[in-house]
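First chain written, first letter: the chains are A, B, C and D, and each begins at residue 1.
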């Protein structure tokens, strides 16, 4: 599964640009790493842009969904809570399948910022995906 | 206000990379344009990446919020519905303030794809922001 | 359609208890009225309970969805923003279909409080439903 | 804290009507029980009404928030996912504080249905509250 998702992520031009790296895959779970780049990933105050936060969470959740429901899934609903400014040298998103149904897949995710060796949750999300997109 | 937001968007490195262009600002409303780039904005099926959809909607909503509540606002909750595959040569996000309170600002947004001269809604969102971030 | 939804709402014991009244139905739209009862609908501060706000919005959106997608629809995702304390003698929820797909129906809704002849938006919502429940 | 929340819940007329019972309170966490009544809590198919699901989740989350942020909190954003039909003799909602800030409190909740001695998750939610409402 790890190899399959590593291959899948290279087919997405945005994932390549952002440098998303699949670091762990289990049944119903996926972990994604990204190195912070101040020159093209920041919002106006210098934190990680909300779009990048969403991209990490949505992708980790989508990849988690592929482990239960096949490679072709599409997000239809995405909700996130930004708990703290997303500041760090590196970010890791963990996506988990909450329930994989025939018509819909429910997932949840957490985004961690790593700064000076400390890990901190900066955002959480839930997504709803449709299989066989 | 248009000049102020055009300046603000240049301070965000992600917005510069994505080429976000503020094309209209009114009291409580903001319109943002982005040209599609297949080489670094796509998901695995070649549509606009969900992170980019979120970035456009969140930014348009945030800019709308600045018109009522000052330049320093931070998103705390973001929810979006992806209604149709985001395919087009150009995308326009419109953000609107629904209610601007002292503690919280509620906004909503729509994302339109332009393809062969046709306009189509591809996603909607609501965001909740905190002023004086 | 009005008669059909008036009949449908009597089959739901909660709707009967709450006194939900279908006052308008159009293609893709439904309007629902409820009279405020302080003795069994309030939260601790005396406003309309968040559960009742959700019930009105979810039901109006669900009824709107039946006009495009058949009587058997089930909510799978519901999100609401509470803009102002829900205070009034009467409440009216309007649900609208945003997009009716084969697999999913997207709707949005608004809740109005009527107080001394004045109408005020107190909450908004979006819901995602699955047809053929 | 248990006594305080048991007293608080009696001040809400809806909670009294629904028979919400606070069965466990800890720092940042609250558990709420409700017995199913087919005669005034059902939707059209006979499951627990989405408004009741929302009421249980929102109340458990709100009570959890009071343990960290004082008795006067107001929900401003509520999102729920309905994972399975809410069928059971009894329902238990667990609310947890995810982050308690000065301006906003983020919580999450789960709703369990108990049927023939079996426990099943039927819905999840996140809420965002404002302290000092």
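Everything that follows uses one rule, which is that a residue touches a chain if its C-beta (ideal position, glycine included) is under 8 Å from a C-beta of that chain, and two chains touch if they have at least 3 such contacts.
Just so we're clear, the structure is a prediction, and the values are computed from it rather than from any experiment.
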Notebook entry, point to check: So which chain is farthest from subunit D, going by the mean of the CA atoms in each chain?
Noted result: B
Item checked: Rigid-body rotation angle, subunit D and subunit A, from Cα fit (steps of 5°) -> 180
Item checked: Between subunit C and subunit B, distance of the C-alpha-averaged centres to the nearest whole Å -> 28
Next item on the list: Let me have the rounded angstrom distance from the C-alpha centre of subunit C over to the C-alpha centre of subunit D, please.
Entry: 20
Notebook entry, point to check: In whole angstrom, how far does the Cα centroid of subunit A sit from the Cα centroid of subunit C?
Noted result: 33
Item checked: Residues within subunit A bordering two or more other chains -> 76-77, 79, 81, 128
Check: Contact residues on subunit A for subunit D in the complex?
Finding: 79, 81, 83-84, 98-99, 106, 108, 121, 124, 126, 128
Next item on the list: Report the residues of subunit D in contact with subunit B in the complex, numbered from low to high.
Entry: 76-77, 79, 103-104, 128, 130
Next item on the list: Mind listing the subunit D positions that touch subunit C in their complex?
Entry: 8-9, 11-18, 38-45, 49-52, 54-56, 58-59, 62, 74-82, 85, 133
